[in-house]
Amino acid sequence: MLVFLRPDADPAARERVLALLRGEGIRADHRTTGGQSFVETPPAGERLRDRLAALPGVDRVETGLAAVRLAEGRVAEGEPARTVEVGPVVFGDGSFPVIAGPCAVEGREVLLEIAAAVRQAGASLLRGGAFKPRTSPYSFQGLGEEGLKALREAGDRTGLPVVTEVMDTRDVPLVARYADMLQVGSRNMQNFPLLAEVGRQPKPVLLKRGMAATLGEFLAAAEYVLAGGNRGVVLCERGIRAFGDETRNTLDLAAVPALRLRTDLPVVVDPSHATGRAELVRPLARAAAAAGADGVMVEVHVRPEESLCDARQALLPEELERLAAECHAVRSALRTGVYTEA
Amino acid sequence: MLVFLRPDADPAARERVLALLRGEGIRADHRTTGGQSFVETPPAGERLRDRLAALPGVDRVETGLAAVRLAEGRVAEGEPARTVEVGPVVFGDGSFPVIAGPCAVEGREVLLEIAAAVRQAGASLLRGGAFKPRTSPYSFQGLGEEGLKALREAGDRTGLPVVTEVMDTRDVPLVARYADMLQVGSRNMQNFPLLAEVGRQPKPVLLKRGMAATLGEFLAAAEYVLAGGNRGVVLCERGIRAFGDETRNTLDLAAVPALRLRTDLPVVVDPSHATGRAELVRPLARAAAAAGADGVMVEVHVRPEESLCDARQALLPEELERLAAECHAVRSALRTGVYTEA
Amino acid sequence: MLVFLRPDADPAARERVLALLRGEGIRADHRTTGGQSFVETPPAGERLRDRLAALPGVDRVETGLAAVRLAEGRVAEGEPARTVEVGPVVFGDGSFPVIAGPCAVEGREVLLEIAAAVRQAGASLLRGGAFKPRTSPYSFQGLGEEGLKALREAGDRTGLPVVTEVMDTRDVPLVARYADMLQVGSRNMQNFPLLAEVGRQPKPVLLKRGMAATLGEFLAAAEYVLAGGNRGVVLCERGIRAFGDETRNTLDLAAVPALRLRTDLPVVVDPSHATGRAELVRPLARAAAAAGADGVMVEVHVRPEESLCDARQALLPEELERLAAECHAVRSALRTGVYTEA
Amino acid sequence: MLVFLRPDADPAARERVLALLRGEGIRADHRTTGGQSFVETPPAGERLRDRLAALPGVDRVETGLAAVRLAEGRVAEGEPARTVEVGPVVFGDGSFPVIAGPCAVEGREVLLEIAAAVRQAGASLLRGGAFKPRTSPYSFQGLGEEGLKALREAGDRTGLPVVTEVMDTRDVPLVARYADMLQVGSRNMQNFPLLAEVGRQPKPVLLKRGMAATLGEFLAAAEYVLAGGNRGVVLCERGIRAFGDETRNTLDLAAVPALRLRTDLPVVVDPSHATGRAELVRPLARAAAAAGADGVMVEVHVRPEESLCDARQALLPEELERLAAECHAVRSALRTGVYTEA
């Protein structure tokens, strides 16, 4: 629930709202986004809403989708754009970080080998799943904590921050201990307890769009994380489910400029899962760069044919190198235009 | 992973498989489904797979989607169809249970009122959400344990078993304490840790199809529950996401006979969420009955205009009464044909 | 363009509108639908619209989708529902005509054989394509006029009216000479010149929904036919394109009750093309009957394995007989409820 | 139907095939595509197929989708890529033609004004509809031949070739008389008589993908045109229908590299219809250039607010100028990589 203050409200107005909520034992935070000042608090009953709305200096009280504000708050003129930092890497500052690595952590040795190769090829972050969401219970489910340890070691050796998926609310502390960024996958985009849980810990979050999610639902999912106090959310377009039979999913690249108009959260694109075909990844990574994305995430393996999952979509390190070079060439060519307007 | 035994394998063959797995400290269960005999066990490395495949009497070892067998195992001739019992209610025996109740448990009083009304109108189970998956964090999220208590009381007073959603692995024991059947919602159809967790407790499970799930993925999700040892899964078709703008989702009624050809799990239909429009619920409930579904789930409220969620799709108790009568009329008219062949 | 007259307008008001339009050399017809009186005329420039709107007794002038009125005009209380007659067969009067026959007319002999069989099995109309829309130019394209002649002969011998597809504006007179009802197929639902052309001839029209058409677009397509003066349009839901891989298309059965609330045109269902699988046709035909459809259209062949197209979806005559019996059983069971309210 | 000759077949083998077909009074053409030599002919009965297959030097006879060959024939090594010429403009040679103009030709004056502006802004071809496919019969349907005349005049004055849509088989000669390139729109992608008709005249064809068409169906539609003898087909991806509510359609940009792997026909992208929102057109045009498209088609109007259709998606001429500059910048940056491999 958001309690909006009038533009001309004085600090005392804000204090009255906070005092009333704290008097009821309800958590409340004051924020300013896109030039608007408001107090954020959990949903409350109608009587409390009425009391809040009646306070001097209060403009209105909003709930539901209308209140999705932390994600939708666009940058006001003069304010700096929102950036999300993951160690030395910055999303949203005009750089174009490339997240790369295997689908799953399959073992310590091969991960170290891949990590060195992707760093060499131009990657800025290392990805790899230790907990894998697999359609069948009889598929490889990931190495769990052993995989997390391997990731941490690979990150430390290469200097690349690591991002990995968390699927269970109970695993959030464990994953947060090893990873630099927590990924919430497409299948969990509306796993609301999980979103709330990653929102209550401090590591930045990579939130992938659900296969059947509208942009409004995507932003509302981000709002769950943001409302928990975590301000480091990066959105990831990774393909939606449509009727096509040529690619695994349908990359909705229009989501990049469309999100740009609704949110100041950084947006990256995952052409590997969007297509499921290695030969389509590079052209679409370039397209993401041209459309104004803040980065890409791609699957890379040193020996794709040995990969335990998604072998058909993994690039070789040399393909990653070319991809990174082409994306940066596109960004350079467009430098003056992209960030100022669209 | 499933280790299939040859049709002519003797009991010693099975024992060799079980012994080898137990020797490795790996859980293993022997089952027979659709006339096939196999040992079910977690996925294992290639070396162990090869050792198993080499044992006398072993036909083959399967992993991944090819191994989805508990859900896909069709009834062999002469075997009774699978039924799922929830208290006195049976799904899959040719009866047509109607699950009805409010979208969310909004309070004890109104729930007791609705429960009495739906029982009077012909419902067999009571539904109602205590933990609500809501698109926005600023919408009503359910009453939690207080809601579960109200459900339990309403169930006990009316004699109706109660079904309610669980969203967080941590809440499974709590919800299982109060409810007679646990619902896994559409947004969590591929929340694999949750599926595994409800698979490890004994209460039957109502599994709703994901908005973008193929039938193969739906059955693989059921397999997660079944593989945990829980054999009481009822599938629920509730609409998929397509391009239509007339209804909230698109009811895929062909899923009912198509699932019938792939699984012996009971299948019910939820026309309330499929359409989001009360005026379309009754015709589609009748259609579900005619297509061979094993029951329906519908939202009912005594005062829909006061409902805290999904008000537009709730029926009045008198509409439910007519719906139930019409569905039973359809079933009676088709009695001889439906169960024997399609 | 529609010029709506005020409820209290006298006959002179209508005459003024007609006179003004005729004075400009523009075709104009007066109609009354759903209790509303209006003059229908082709779209005109803004100046003429303003002159019309300024006439005494004129309520408003509408263009575009807002003016889709002939299709959307619901029956006013006391008026009889719209029925469409094709020879002795009536759609929309509470009977449930079954349209059956082969995908394509493959030859005179086999068609006569099928026609006799479907009449025997309970069909009311004979279907069969003489002009076939085939995805590939290298597939069988139909027999053309030779096929039309065979259809006519089969219809005359069995007493079944015949319905067949027309794809080219130039063929409309030819097809109308032989057929009792003209079909416009899914791929041509927005072939506007074709819709206009069939709207200018008197034979009734079976209009199939496009694979990606909303209900509003479907009704607007019907409006093209109706606006040409042809009032005999029957709508056919035949599946939309969604992500599913189990059936050829996704039957949107909710379209039946949803159309019922927007139009008084009869609505039939084609479960053969919706699913592409013979074994799903009968359960879904029953479902269509239960949902309130005015009839079904199914593909039938005496030797499906010899069929030149869509062999997997053709029923045998004995399956048709059982389908018809089950549909009529469902309709009988629901007799009192369906037509009065939903 | 295609009769494939063996790689080692001598010219006499080809002559035997042609002689047999001509002896039966059947049209037959010999072609070579992607290094394969074959005779193209209309579908024939099984007996003739068997006779052809039995001829010495014949490899096999193919029908249906398997025979879609003219569109799917990829360039063999050493052969030049296929290019399509429209006056001085070339699609497929590495240039990046920009097709621009209004949705509809609304009048001679405004069209001349727009034509001059788009030429100034960098367009290579002028677009504009004289026959408009409109969802409602009560919307502006285009100026017909008067519009064609205005287009011709605007083309002649500016030196820009003109492309315009044809919707009715009967109008093909008329439109071909005025236009330099004929457009077949999305709604007619499977209007097979129209495809065949434009295939029988010599002007190049711009074929837009249907809203629910797979790439295989898209190529099969192109095959209808190519099989008529017209070799000048340019494919246009313009968005498919999915569940999104943010854009009018969903641009499937992966179609560009995926088509590249299946066909040597040039591929252009229409971001205006794909999104329906002017503010998304420029980023997606850049993305199309980066993904390897051969050009773009965009809607431009000098006063979008006065446009008779699709006003929300029209760019201003100055926006077109920037779009063209950015696309060319992207192409230059990628010059070495795009054409050689992806």
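Remarks
Note that the chains are named A, B, C and D in the order they appear, and that numbering of residues resets to 1 at the start of each chain.
The criterion applied here is as follows: contacts are C-beta pairs under 8 Å (C-beta built on N, C-alpha and C of every residue); 3 or more make two chains touch, one makes a residue touch a chain.
Quick caveat, the model's predicted, so the values are computed rather than measured.
Note on chain B versus chain C: their Cα superposition corresponds to a rotation of 180 degrees, in steps of 5. Among the other chains, the CA centroid farthest from that of chain D is the one of B.
Spacing of chain B relative to chain C, judged by their CA centroids, is 38 angstrom.
Averaging Cα coordinates per chain places chain A and chain D 38 Å apart. A straight line joining the Cα centres of chain B and chain D is 48 Å long. Mean C-alpha positions place chain A and chain B at a centre distance of 32 Å. For chain D, residues touching at least two other chains, in rising order: 212, 216, 240-243.
Residues 241-243 of chain D are the ones touching chain B in the complex.
Note for the complex: chain D touches chain A at residues 212, 214-216, 240, 242-247, 250-258, 261, 274-275, 277, 279-280, 282-284, 286-292, 322, 326, 329-330, 332-334, 337-338, 342. Those residues of chain C that touch chain D in the shared complex are 1-2, 43, 62-65, 67-68, 133-141, 167-171, 187-188, 190-194, 196, 210-212, 216-217, 220, 223-224, 227, 240-241.
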